[in-house]
Amino acid sequence: MSVHPGQARSVQGRIERPRWTSAGGGGVPSVGRVLTYAVLIGLSIVVLAPVVWAVLSSFKTQTELAQRPPAPLPSSLSPANYTEALSSFDFGLYLQNSVIVTVGATLLTVVVNTMCAYGLAKYNFRGRDVLFLIVLGTIMIPLQLIFIPVYQMAAQLGLVNSLWGLIIPPAATPTGVFLLRQYMLGIPDDLIEAARIDGAGEFRIFARIVVPLCGAALAVVTIFSVMWRWNDFLWPLIISQDQAKYTLPVALAQFNSQLSVPFNYILAMSVVSMLPVVVIFLILQRHIVRGIANTGFK
Amino acid sequence: MSSSHRRQPKPWNQRLAPYLFVLPNMLIFGLFVVYPAINNFNISLYDSRNGRDFTYVGGANYQELFGSEEFWSAARATVVFALCFVVLTTVLALALALLLNRRIKGRAFFRTVFFLPVVLSPVVVGLIWGWIFDRGNGLLNTVLGRLGLGQPGWLVDSGLSMAVVIFVGLWMHIGFYILIILAGLQGIDPTFYEAARMDGATSWQQLRKITLPLLRPTTMVVVILSLIAGFQAFDYIWTLTGGGPIGATTLMVQYIYENAFQSPIRYGMAAAASVVLFVTVFALTLLNFLYGRRKEAT
Amino acid sequence: MRRILASCIAIVTLAGCAPGATSGGGSEPQVDDKTLTYLYFTDGPDEQATRSLIADYEKKSGVKVDLQIVPFDNLEQRLQARLSGGNAPDVARLTDISPFRSDLLDLNKFQKAALDDQFIDGADAYTKGPDGELLGVPSDLTMNGPLVNVDQFKKAGVSLPDVTKPWKWDEMVAAAQKVQKANKTQYAIAMDVSGHRFSTMLSQFGTTFLSADGTAVGLDTQKATAAVKRFADLNASGAMPADLWLQAGSKYKAANEIFLAQQTPVYISGNWQVSAFAKDAKFTWAVAPNPCQENCGGFPGGKFMVSFKQSKRQQAAADFIAYMNSKESQERLAKEANFLPTRKDLISSGIDYTQRDADMKVFLADVSRTPAQAFATSYSPAFAATAKATVDELSKVLAKKESPEQAVEAIKAAAEKALKDTK
């Protein structure tokens, strides 16, 4: 059973029938509340400590990083790693490329994924199941495995060495389609039927009724897309061949040599590249937390 | 199969609309994922020492693969890893998302904390946890040593290193799945809870009779995505253990990567291994999907 | 279900056609647009030196060189994809040319006078094609050898060997252990987790993976077992860090951090550490001569500059390679980046380094002491794969899952297979 339309009502029906004898009335006992905080705080420390340590370590020099056992704190909060890494190349240009690619690819991803998910979730048409299985099947193909054939395709289409090559090929993320499709299954068909009776066109129904109901899922797909495209490494590395087309992760990785890796720069740049994603997350997470009250189901 | 119950033919725009909705996504998809994947299957029938010159060998790659001890060792490790990863991810993400969906103080803070490791680069993840789990000089063993608890060889002992790799995988990815479940929770019609509360259902009953059943499409997303992630795990493991000690944490994608891009290059073998991986995961996903749909139909 | 089956059949049918490389085998139409792309990976100090050489070249020739720096780990993968997509760079810097052999341009067609027979003889077997084509130019040489913490040696009152009179393995181990005790360091000797570095020890114990012409397995069971045993004993006794090997898995891991943290007085690595340590080491250190056992000297490695048949600017590419490997350019690069030269004339005349000259001279002295078989092995197409297998086998020995004898047999088998695979 699921939130499938039509069954929604039967869920309600089933709930109404048995008379539960609890006297609680849904209030949360305070022991539970204390336990909740204890668990959350405990886990937060486990989760947060290594992240904080990574941030602190990004201020360490190569020599400090080599120290055994490693010291928890850097000897000073000198920004040398940051300034040296950033000044060793054209940071502004790479930042600009990264922003263009991330914004462009995310917009494209959200639009095409949502449309595709809607088609798969709310229409009954020939080939639907096959298409959906193809979507499912391809989530599991890591780029690592089909690297060369994909590159050949991009090369034939003239997408090499252009930012379009970074925006278009990764846009049709199967994960996004899958996630949105599952979410849309929960939207009652009656809503769509009612709109049709009112004379609304198919695209209008999609844009005006369905999309506004998918706020939470759209927020998640947006966060994921920003995260993936911002941190994308393998694909830009092969598509961006001129240094003028490098994105930040590619530019940063060029320090990695055969015999030594400058971990001090890598740590610092990893912190820098974390920031935008965290900011986007903070902005968008309100849509996911907005709460049960106003999702629009009525 | 599910959406519409009508018998009479639909108007042309309703028949055409789904194809138009899925078209843009499927076009990009076909070009950059499906076609290269087919190409990859094709390559698995050839022998290639460089990914460019091919000799047809039929099933010889598969034969060599199934006779290779390293392949089976990687396959076993992958199954163990993926199984633990899926079960633990699903259970933990569900539990944490439910906790984080409650009206508690600092909810936004906790959500952000759990999301932070998701945006950290895999190289840094491997580096930081390497400092923590190192046997002689690691932070963890320094603490354990002071407490008189000995110095376990976290990354030296085969069993322990697999446990460490699973733990770090959970640490790194759990925020991603929590987010998906949180989004799913926002899609549940609040009137169900109101009705249940009026009937005097306890919060445990609400969880079992409303939340979990209605969350099934989302849970399926988590199971399938974590299954796929489990079978694809590679990058942070590579920096953390390098697949060691003695191959204990060498998973399938690393095996494929080493065959495809490290001397001696066996591109056809790598392609064959990725076809095997693909077929396995696809079969599992299909089972999951069909099971989910049977549930939907009841 | 039937539809799924139908699409499966369709997929299989589609797969019937052969995978093809997009580039034809014929000669590429050439253009003369005064530009060049140079695919490069950096070891650090060489980047600036290379850039300044390129700036001079651009001024002199009017050709614009687009330096494309990529991380070393992804270099081969990226190059493979670019070759398969038909847009290879014009020039590339590589450590292993064997996977690309059939794609490489014969530089003798363009710059025979400047390039042919100018470089160390050991490299010829590797850089020459079956018909004497020059497929690549050795652009720098590396030499493995021990680096020592002079402060710690002084404190322990242990003296270092003279460049002309190298120590024996036993002497080096004894000295290192004495220094370890006096300074309470964690280890006595550390070595990078690398089959290439272990080849140094093998060569000193009198054997190498491959024979003197690089075409057959050359590993002497008895000598190799002695080396592996010695290595295992040193690790088991805690003189060497066994955990470093076990925790590295099958990826390369440097032991430089242990040396920098002053937890080992002796560190077996190579000349590329010189400029890095000049910057990062907070103590007095020096390069010591390689220890002798059956043989003296270290183990060589290096990088190559190549161009591709796919290139549309073959003449310009060859000209650029000739410029970068001329006597003047190589001397400049070597001086600024603490590299070792590959040109015969520079090896015999020597180079005066601007920084750490004495240390570089130790490496240069070891170049001449290194047996020819070591060069042949290092420059064999089968070397990379054998070295990788060696790391795995040594890990098994350290984990006590395998005896040294078994490991040597496995390494021999890996070398055999690598030779067959690279034929």
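For clarity, chains are labelled A, B and C in written order, and residue numbers in each chain start from 1.
One rule holds for everything that comes next: a residue touches a chain if its C-beta (ideal position, glycine included) is under 8 Å from a C-beta of that chain, and two chains touch if they have at least 3 such contacts.
Model, not experiment: these values are computed from the prediction.
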item	value
Overall pattern in which the protein chains touch one another (line/ring/star/complete/other)	complete
Of A-B and B-C, whichever chain pair has more C-beta contact pairs	A-B
Rounded Å distance between chain A and chain C, as computed from the means of their C-alpha atoms	40
Where chain A and chain B are represented by their mean Cα positions, the distance between them in whole Å	14
Gap in Å, rounded to a whole number, between the CA centres of chain C and chain B	37
Per-residue multi-chain contacts in chain C, two or more chains	19, 77, 80-81, 84, 186
Junction residues of chain B, two or more chains touched	39, 43, 51, 134, 136-137, 260
Sites on chain A at which at least two other chains make contact	68, 129, 133-134, 147-149, 152, 154
Complex contacts: residues of chain B adjacent to chain A	1-4, 13-15, 17-22, 24-26, 28-29, 31-37, 39-40, 43, 51, 96, 99-100, 102, 104, 107-108, 110-121, 123-124, 127-129, 131-132, 134, 136-139, 142, 171, 175-176, 179-180, 182-193, 195-197, 199-203, 205-206, 209-210, 213-214, 216-218, 220-221, 224-225, 228, 231-232, 234, 253, 256-257, 260, 270-271, 274, 277-278, 281-282, 285-286, 289, 292, 295-296, 298
In the complex with chain C, residue positions of chain B that touch it	38-39, 41-43, 45-46, 49-54, 56, 130, 134-137, 153, 155-156, 238, 241-247, 249-250, 258, 260-266
Sites on chain A touched by chain C in the complex	61-63, 65-68, 127, 129-130, 133-134, 147-149, 151-152, 154-156, 160, 234, 237-238, 241-243, 250, 253-260, 262
Interfacial residue positions of chain C with respect to chain B in the complex	11-12, 14-21, 76-77, 80-81, 83-84, 96, 98-100, 102-103, 186, 241, 243, 246-251, 253, 384-385, 388, 392, 395-396, 399, 401, 417-418, 421-422
Touch list for chain C against partner chain A, complex	3-4, 7, 19, 22, 37, 41-44, 66-74, 77-78, 80-82, 84-87, 89, 95, 186, 192, 252, 254, 256-258, 260-261, 263, 270, 272-273, 276, 280-282
